[in-house]
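Two complexes are shown next, each including chain A; its partner changes from chain B in the first to chain C in the second.
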Partner chain A sequence: MDGSWFSSTFGKKLIQYVLVLAVALSINFALPRLAPGDPLEFFFGESTINELTPEQRQRALHELGLDRSVWEQYADFMTGVFHFDLGSSIKYGKPVTEVLADRLPWTVLLVAPSLIISAVIGIVIGAYAAWNRGKRRDLFFLSAMLTVESIPGFWIGMLLIAIFSVNLGWLPSFGAVPLAFTGGTAEYVGEIITHMILPVITITLSTVGGNFLLTRSSMLETLGQDYVYMAESKGASKRSLIFNHALRNALLPVYTHITMSLGILVSGAVVVESVFSYPGIGRLLYESVIARDYPMMQGVFLIITLGVIAANLLADVTYPLFDPRSRSRAWSREVSSSKQIGEETA
Partner chain B sequence: MISKGAKWIGWTGVLMLVIVFLLALIGPYVVRHDAEKQTGMPFQPPGAEHWLGTNDMGQDIMAELVVGARTSLTIGIAAALLATLIGTAIGLVSGYSGGWVDSLLMRIVDICLTLPFLPLMIVIGVYMGPSLITQVMVITLVMWAGKARKIRAQTLSLRSRGAVLAAQSMGAGHFYILWKHIFPSMLPLVIPQFVQAVNVSIMMESSLSFLGMGDPLSKSWGSMLFYANSRSAFLTEAWMWWVIPPGLCIVITVLAFSFIGYCLEERVNPRLRAYQAASLKGAKSAVKAALPGTSTADLLAVESLFVRYPKENSTMTAVDDVSFVIKKGEVLGLVGESGSGKSTVAAAVMQLLKPPAMVEQMGIHFADRDLSRLSPVEMRQIRGNRIALIPQAAMNALNPVMSVREQLAEAILSHRKAGKQEIQERIDQVLMQVGLTPRWGAAFPHELSGGMRQRAVIAMALINEPELVIADEPTTGLDVKVQVEIIKLLKDLQQRLNLSMIFISHDLPVVLSLADRVVIMNQGKIVDQGQTLTVAHHSTHPYTRRLIDSIPRIRTARPLQEQR
Partner chain C sequence: MFTRKSFGLMLTYLLLLSMFVLGCQSNQSQPAPSQDQAQGAQGTAAEPAAKTVSELKIGLPSDAGPINIYTGNIDYLTELVFDKLFSPSPYVDKPEPWLAESAKQLDDVTWVVKIRDGVKWHDGTPFTAEDVKFTYEYYRDGPANRHTHHVSEVPHIEKIELDDPSTVRFTCAYACPSLERITFADLPILPKHIWEKVENPRKFTDLPVGTGPYKLVEYKADQYYKFEANKDYFKGTPLVDTLVMPVIKDPTAIFNALRSGEIDISARPLPPELEASFTNAPNMKVAETSPLSIIELKLNYDKAPFNTPEFRNAMSLAVDRQTILDTVMLGKGRAGLKGYPHPDSPWTNPNLSTPYDAEKAKSVMDGLKFVDANNDGVREMPDGKPLAFSLKVPSTEPSWIRAAEMLKDQYAKVGVKVTVEVLDSGTMATVGQTRDFDLVISNIGAHGVADPDQFVMSHRSSYLWNKTIPYPEMDALQKQWMAETSIDKRKEIGFAMQELFNKQPTSVALFYPEEKFAYRSDRYDQWVESKGYGVINKYSLLPDGAKKAKAEQ
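Showing the complex of A and B:
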C-alpha cells in the first residue's frame, strides 16, 4: 500500500465519508431549529415545556444556547458531538449514548446472520439462474425473486407472527428475551435463538431478492466476457467456467453491495424490529418517533450514519483482497520500468 | 428483440397494473361503503354486505383498499416523477458539461447515496409533520441521486456519439444539442428508470405509513397495516381479512411496476442480453448427410457449413455453404472484410457457437472424427488440447482476477493430470517460447501491456502442443509496432513447431506473407481460394482483384504492379 494509492482512491473516499458525516450532523442540528413549532419542545418534550414559567423558559433557552447566534450554536453542537455528548433522552431519562450502547448489540445480532444467509442464497440461486439464462428455471427464479423483493418486510413479519406464533404457537413473536426469566445460561441462549428466528427469516427474505438480481445480472455480464470464451476454447470444464471465471469476477460488485448493505440493513431493521418489538436500534428509532423523543431520535440517526460509513469503509479496505486490479501498484511500476527486459527476449 | 421470458414477465406486469388501476378508478363506484365511517359491526368477517369484512372500528375493508389504492398510486407516481425529473436534469447537466460542474454534482450525489435513507426519511418526516406532501418530498429526496448517477453515465456515452460531435462542430448551442440530440435518445432509457422508481417509492410510502408517518387524514395500505399491527389484529381471527388484503395489494402493485421495469430495462440494456444459456432449443447442430471418406492427408475438412441467425421473421445467413480443407503443417489464410463470417467459421469449427445461432453442416472432420457429432465432453477434450484458438480480443481474453501462471496451469490441468513441478516447467518453457521471461507468469493481466497479454494468450493456445491452431485476427486492438512483432512471433513459432494453422485476418498483405493457401470470403460465402501465389498473381475473381488492388503500393506491391 503506497502513498499514491492512499492519496488517490482511498483519500477521496475518506473525504466523502467525512462530508457525509458533516451533512448528517448538520441535518441533526438544523432540523429542530428550522422545523415549525417551539424549538424547546424538541429538546424537552411537549409535556415538560407546557409547565414552564416564562423565566424558566428564558433560562432553558439560555442554557441550551438557543438565544445565541446560529454559528456559535453550531460550534457548540459540534464540540458536544465529538465529546460523545448527544444530550439526554426524554423518554428514558438517560444519556442518549448510553441507550444506544444498550441497543446496538441486539441489532447486530439480527443483521449479521440475516446478511450471511441472504447472501449465500442470493448468490447461489443467482449464479444458477444466470447460467441457465432464458430457460424455464431461470424464468421461474427470476419471477419468484422479483416477487419476494416486492413483499414489504413488515408484512412478511406480520404473516410469520400470525402463522408461527399465534396459530401454531411454535415461536415467540415479541422481544429478544422473555420478560421474566429464570433459568441457566444454556436456556437463556436458547431463548435468544428462538426469539431471533422469525426476525432473521424476515430480514433474509426482504434482502435476498436484491442479492439474487445483482448476482444474476453481474454473472450474465461476465459470462459474455472474452475471458470466459477463451477459457471455454482452452477446454476448461463447465465447473471451472462457472466458478473460476464467471462467478469469481461476477462476485466483485456483489461483495461490495453486501458489505455496504451491512450499514443500510441497520436502518432497514427499523421496520422489522418494530413488528417484532425487538429491542434494537431500529425499534429505538420507532419508539423515539412515537414518543417524540427528539434527542434520542437524532442520536439513532447519527449512529446509523456512522454504521453506514463504517460498512462503506470496510468494503473499500477489503475490496483489494478480491480484485488484484485495485491492489498496490508496486508490480505495475516494476512492469513499466522493466518492460524492455520482458520484450527483449522476443 | 427481447427474450420470450422477459416479454412474459412484462405482460404479466401490465395485467397486474390494470387490475390495480381498475381498483383505484372504478372502485369508488362499485363499493357502496364510506371508508371513513363505521358501516358495520367491528371484526365482521367477509360476507355479502362487507365483501372483505370490517376492521376494529367497523369500517369496510374493501372501501379502505380502494382509498388506499388511490393514495399509494398518487404518492408513488408523483414522487417517482419528481425524482426522475430532478435526477434526469442533474444527470444531463453533469454528464454533458463535465469538468468541475460534474465533479461537484457527483460529490453531492455520492453523499446523498451514502446517507441512510429510511432514518433520514423518518427524521425529516417527524419534524415536517406527516402529510402527503411531506411523503412525496422525502421520497424524492432520497431517490433523485441514484437516478442522476445512472442518467449521467448514459449521457457520457451519448455525448461522444457522432451526431452530437457533428452538431457541436457545426456550432450548435448547448441547449440545442441537449434538447435535440441527447434528450430524445435518452427518453427510452429514462422511462424504465421512472417505472422502477414508482415501485421503490410505493414500497417506501407503505413502510413510512406502516411506521405511523403517513398522512393521518388519508388512508393508505401501509397505514391500514399500521393500525392492524398497533391494535393487535392477531388476537382475533380478523387478521385474515384485515392484514392479508392490504399486503397483497402492495405486493401486486410493486410487482407490477418491477416486472414492467425489468422488461423495459432488458430492452434497452444490451449487456443483459449478451449471454444465452447453452443447449437451448434452436441451437441445434444439424448434420445434413455424411459423406464417406475424406483424404487422410487432410487434418481438418469442413464440408458445406451453414450458420444462420434468426432475424425478425426470417433468418440471416452468416456462413453460407463453406467448405475447405487444411493439410498437416499447412497455413491456411482466411481473408474477408469484417462481417464476412470468418470468425463465425472459427467458432463453428471449435463448436463454440451459442444460440440463437443455427449450425448445419455435412461434417467437420478432424483426425477421422466428425466434430459436429461429438458429445460436449468429447469436444471439450479436443478444445485447447488438439485444436487451440487464439481469439480476437487479446486485451480481454485473460481472466482479470487470475495470474497468468494460474490460467496457464488450468489449460494443462483441463486435459491431463500433471505434477506441480512438471506444470511449472512447461509453463516456463512456453512463456520463453512466446518471448516472455517466466517471472511474468506471476503477474495479473492488468499488469501486462497489450502485446504481452497477446503473447500470454498465444502461450495458452500452444501449451498442450495442439495439432491445429486457429488464430482469429490475433492482432486486433494492438498498436502497429506490436502487431508486427506478434505476426513475426506467430510465423516463427509456426515454422519452429511445424504448426498447422488457420490464420484469419482482414489484412491481405499479412495473410499473403504467412499463408500457404488462402480462402477469400465475402458475405458468408467463399468467393475464391487457391495457393497463395496463384491467388495473388493470377486470380481473375473481381472481388479478389479489388482486395489485391487496394493494397498500398509502397509495401509489397511491386510484383503486383508488374502484373497490371
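Showing the complex of A and C:
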C-alpha cells in the first residue's frame, strides 16, 4: 500500500470522518445539557428536591461534579475521549466505560443475529417475490411483509410474549440471564439463548420488511435489463438467473442499506430492549436520559456515533468492491497494484 | 397486477391475522372463579399460619440503586435492609419500639431513647447507641437527603448525646412532642463503622449493611436485586429465604411475567383495567391497600393571580373530582373531596371538605372582578390579562394526561382557559425547582401527605409555600404549632392549618388512588399491608410474632 493512495483516498475520507466525529461529540455534549432538568431529581425525588436550600443544592451538585463551568466539563470530556476516560456515571456510580463494557455485549448479541437473519430472509424472499412478480405468492409475501413492516416493534414484542411466554409458557418474557442461576456453564449458555429468542424474532420481524421491499424493487428493475434476457436466452437456469445474474446487481442498494444499518448494532433497540427488560445499550440510553446522567449519556452517544460513522466508513470503503462503476482511478490503481504485489509475493 | 382474486386473497389474509390477534387476547382471560375464590381474593391478604418459602420473585417497576439512601430510594426496599428506632412508620397512630427498647420524654425539648440490646449489623458488628448518634448527626449535618429536615428544621434536634452506652439523649431547639411518633419512626439507622469512612455518599455503591431482616447480596443495576434472609434477625427469622427482584419497567411486561409465573408478585400496582383478569385467575389473589398518596393539581402561588387566596379557592371549587375519577380511573380510588393531606392519615382533620361548585367558583371570580369583558369566553383580570394558564403533565402518566384534558374542559366552563403541555419526566422534575409553571399535575406520596411534620415543612420549603413569602394566617398557626408542647394540642393546630390550606389551596387533591397488588397465592399468601408501603414490606416476610405485634398497633 503506497502513501500517495492513502493520502489521496483513504486519508481524505479519514479526515472527513474525524471532523464529523468532532462535531458529533460536541453536539452530544451540548444536547443533554440544553434539555431542561438535572440529575438531582433522581437522587432526591420530587418532594425532597424542593426542600433543598440553595446551599444544600449547590453542595449536592458539587458532590456530583456538576458545579464546574460548562467549558471545564467540555474540555474534560473531549480530552477524556482521547484517553478512553469518559468519567463516572452519576446514576450508576461507576466509570462510564465499565457500564458500557457491561452492556455492549448484550446489545451486539441481540442485534447482530437479528440483522443477519433479517438480511438473509429479506433478500431471499425479496428476490423470489420479484421473480414471481404479480403471482399469488408475490402478493402473499408483499402483503405479509408490508404488514410486519407497519406493525410497531414493541407491539410485535408484546404479542410474542403473550403467545410464547404467557399462553404457552415456552420462553422467558424478560431479562438476558436467568435470575439467581445455580446451574453449569452449558445450561447458562442455553438460558442466554432462550432469553434471546423472542427479542431476536422481534427485531428481525421489524426490520425484515425493509430488506424485502428494497430487494424486491431492486430486483424488479434488474430483471428488466437486457443482459438478463440475454442470459435467459443463453439457457441459464432459473436459479443461476436469479442468484448469479440478477441478484448480484440488485444487491447493491440493499448492501448499502444493510451496512448503514450496522450502526444500530451498537445503539441497540431501545424499544425492544425496554419491552423485554434486556440490559443493552438502548435501555441504558433511555435510563440515562430519564436520570439526566450526563456522563453516561455522553458515553452512549459516543458509542452510537462511532457505530454509525464506522458503518458509513465501511459502506464507503467496501462499496467499490461490489460496484466497479464507483471505483475511482486511484482505487483501481491501488487494487491492481495490490494484486500485482500479491502475485509477486506468491 | 391486483386482480379481484388477489384482493380476495389479501382480505382472507387480513381476516386471518385479525382472528389470530383476537385469539391471543381472549386466551388471556380465565374462567370465572367460585364465590369463595372471589371473596378470598378481595381481602387484605393476612393469613394466620406462617409458612416458610425458599425463594420468592418480586417484580420491581423501578430501580433504586444499591439501597444506600443517597443514591435513590424506594422506602419499602430500604425497610428490608435497614431498621428504625420505631416502626412501622409515622403514618400509624402509635409506632412500636423497634431498634429502640423505649423512648421517654423528659421535658418539652428532651427525649431519651434506650436502644435494644443484642442486635447485630449484617457484617456481625454489634449495633450500638453510637450508631444512632452518628446517623442523626449525619442526616443533620452531612449531605442532604430526604430525612435531613426531620432533624435540622422540623423538628430541629440541636444536641445528640450518649447518657450511657445504650442510651441516647436528644435535645431539640424548640418543643418536639412528636419526636417518638414521627422522627424516630422515619429515620433508618446507618452503621457508623461503615459510613464514617464514606467520602462521597452520592458515589458510594457498596452493598448496604443494615440490621434489617434481609441482606442485599447481589445487585445488577437495572436488572435485579437478590436478598438473603438475616437468620439472626431480632424479630425472628424471616419466612422467605431468598428474595429475587427483577426490575421490569414496562407495565405490560411486568404483568405478563406475573401471568406466566416468572414472578410471584408485582410491586407495580395493578391498573384498573387488568383487575378483573387477575382476580379471576386461578392461584392468583389481589390485595388491596391504601397507598396514602394523592394525585394533585399544584397552583403556582408565586405567580399572579394564584397568589390571591380567593382565586385559589375558585380554582378548587371549579374541579369536578368525581367525574375525573370515574373517567380516568374507572371509578377506582376516591375523589379528592377531602382535600389535602391524605384523609387516611391519623394526622389529618376528618372534617375537611373540598366540594365541586362551579357556580360558586364563578361568583368568587366575579367578586374579584375577573370577568369576561370582551365576550371571548375567557375572563380577564382587572389589568386586562386573560385567565389563560398552561397545565404541565408528565408524558409517562397517560391517566394524568386524560385528567388534564378534563380539567381543561372543566375550567373552560368557568371562564378559565387552560392549555395542556405534556413534558418528559426529566423536564417535569425541574418544574418544581425552577417554579416555571402555572399549573402542574403530580403525585405526592405518604411522606408528603401523611406526616404532620412534613405538612409544616412543605410550607417552609416551597412545596406548598415558601417561608420567605408572608402568609400571616398560616405563619401565626405555624408559630403556635412550634411553641405547643402537647402532641394532642399540636394535632388540633395541625387540623386548623389544614382547614386554612384547603380554603385557599396551593395543591388541589384530584383523587386518592387505591393500590391493588396481584400475587400468586399458591407461592406465598401472607402479604400484609404496612400503611404507605403497600404489601411488599418487612412485616409480610416476618413470622407470626412480628405480625401480631403489628396487628396490635
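Keep this in mind: the second predicted complex is superposed on the first by the 248 of 346 C-alpha atoms of A that agree within 3 Å, B and C clash if a C-alpha of one lies under 4 Å from a C-alpha of the other, contacts with A are read in each partner's own complex, and residues count from 1 in each chain.
Basically, a contact is a pair of C-beta atoms (placed from the backbone, for glycine too) under 8 Å apart; a residue touches a chain by one contact, two chains touch by 3 or more.
None of these values were measured; they are calculated from a predicted model.
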Between chain B (first) and chain C (second), which does A:P172 come into contact with in this model arrangement: first, second, both, or neither? second
For A:V23 in the superposed arrangement: first (chain B), second (chain C), both or neither? first
I'd like to know which partner A:F276 touches here: chain B for first, chain C for second, both or neither. second
In this superposition, the partner of chain A with more touched residues, chain B or chain C, is B
According to the stated criteria, A:L139 is in contact with first (chain B), second (chain C), both, or neither; which is it? both
Applying the touch criterion given at the start, work out whether A:G299 contacts chain B, chain C, both or neither, answering first, second, both or neither. neither
Go through the superposed model and pick first if A:G126 touches only chain B, second if only chain C, both, or neither. neither
Could you look at A:P199 and tell me whether it touches chain B, chain C, both or neither (first, second, both, neither)? neither
Given the touch rule stated above, what does A:V289 touch, chain B (first), chain C (second), both, or neither? both
Pick out the shared contact residues on chain A: the ones touching chain B in one complex and chain C in the other. 35-36, 42, 133-134, 139, 143, 147, 158-159, 161-162, 165-166, 173, 274-275, 289-290, 292
Please output the residues of chain A touching chain C within their complex, sorted ascending. 35-38, 40-52, 56, 59-60, 63-64, 88, 91-94, 99, 133-134, 136, 139-140, 143-144, 147, 158-159, 161-163, 165-167, 169, 172-176, 179-180, 274-277, 279, 283-284, 287, 289-292
Could you please specify the touching residues of chain C with respect to chain A in the complex? 1-2, 5-6, 9-10, 13-14, 17, 21, 24-25, 27-28, 55, 57, 63, 65-66, 70-73, 143-146, 148-149, 200-205, 218, 220-224, 226, 242, 244, 246-250, 252-253, 256-257, 259-262, 424-427, 429-430, 432-434, 442, 444-445, 447-448, 454, 457-458, 461-463
Going by the contact rule at the top, pick out the chain A residues touching chain B in the complex. 16-17, 19-20, 23-24, 27-28, 31-32, 34-36, 42, 130-135, 138-139, 142-143, 146-147, 149-155, 158-159, 161-162, 165-166, 173, 217, 220-221, 223-227, 229-237, 240, 244-245, 248-249, 252, 263-264, 266-268, 270-271, 274-275, 285-286, 289-290, 292, 294, 297-298, 300-301, 304-305, 307-309, 312, 322-325, 331-332, 335, 339, 341-343, 345-346
Under the touch definition given earlier, write down the residues of chain B that touch chain A in their complex. 3-5, 8-9, 12, 107, 110-111, 114-120, 122-124, 126-129, 199, 203, 206-207, 210-213, 222, 225, 228-229, 234-235, 239, 243-244, 247, 250-251, 254-255, 258-259, 262, 271-272, 274-277, 280, 350, 352, 380-385, 388-389, 391-393, 396-403, 407, 410-411, 414-415, 432, 435-437, 440, 443-444, 446-449, 451-452, 455, 457, 460-461, 485, 489
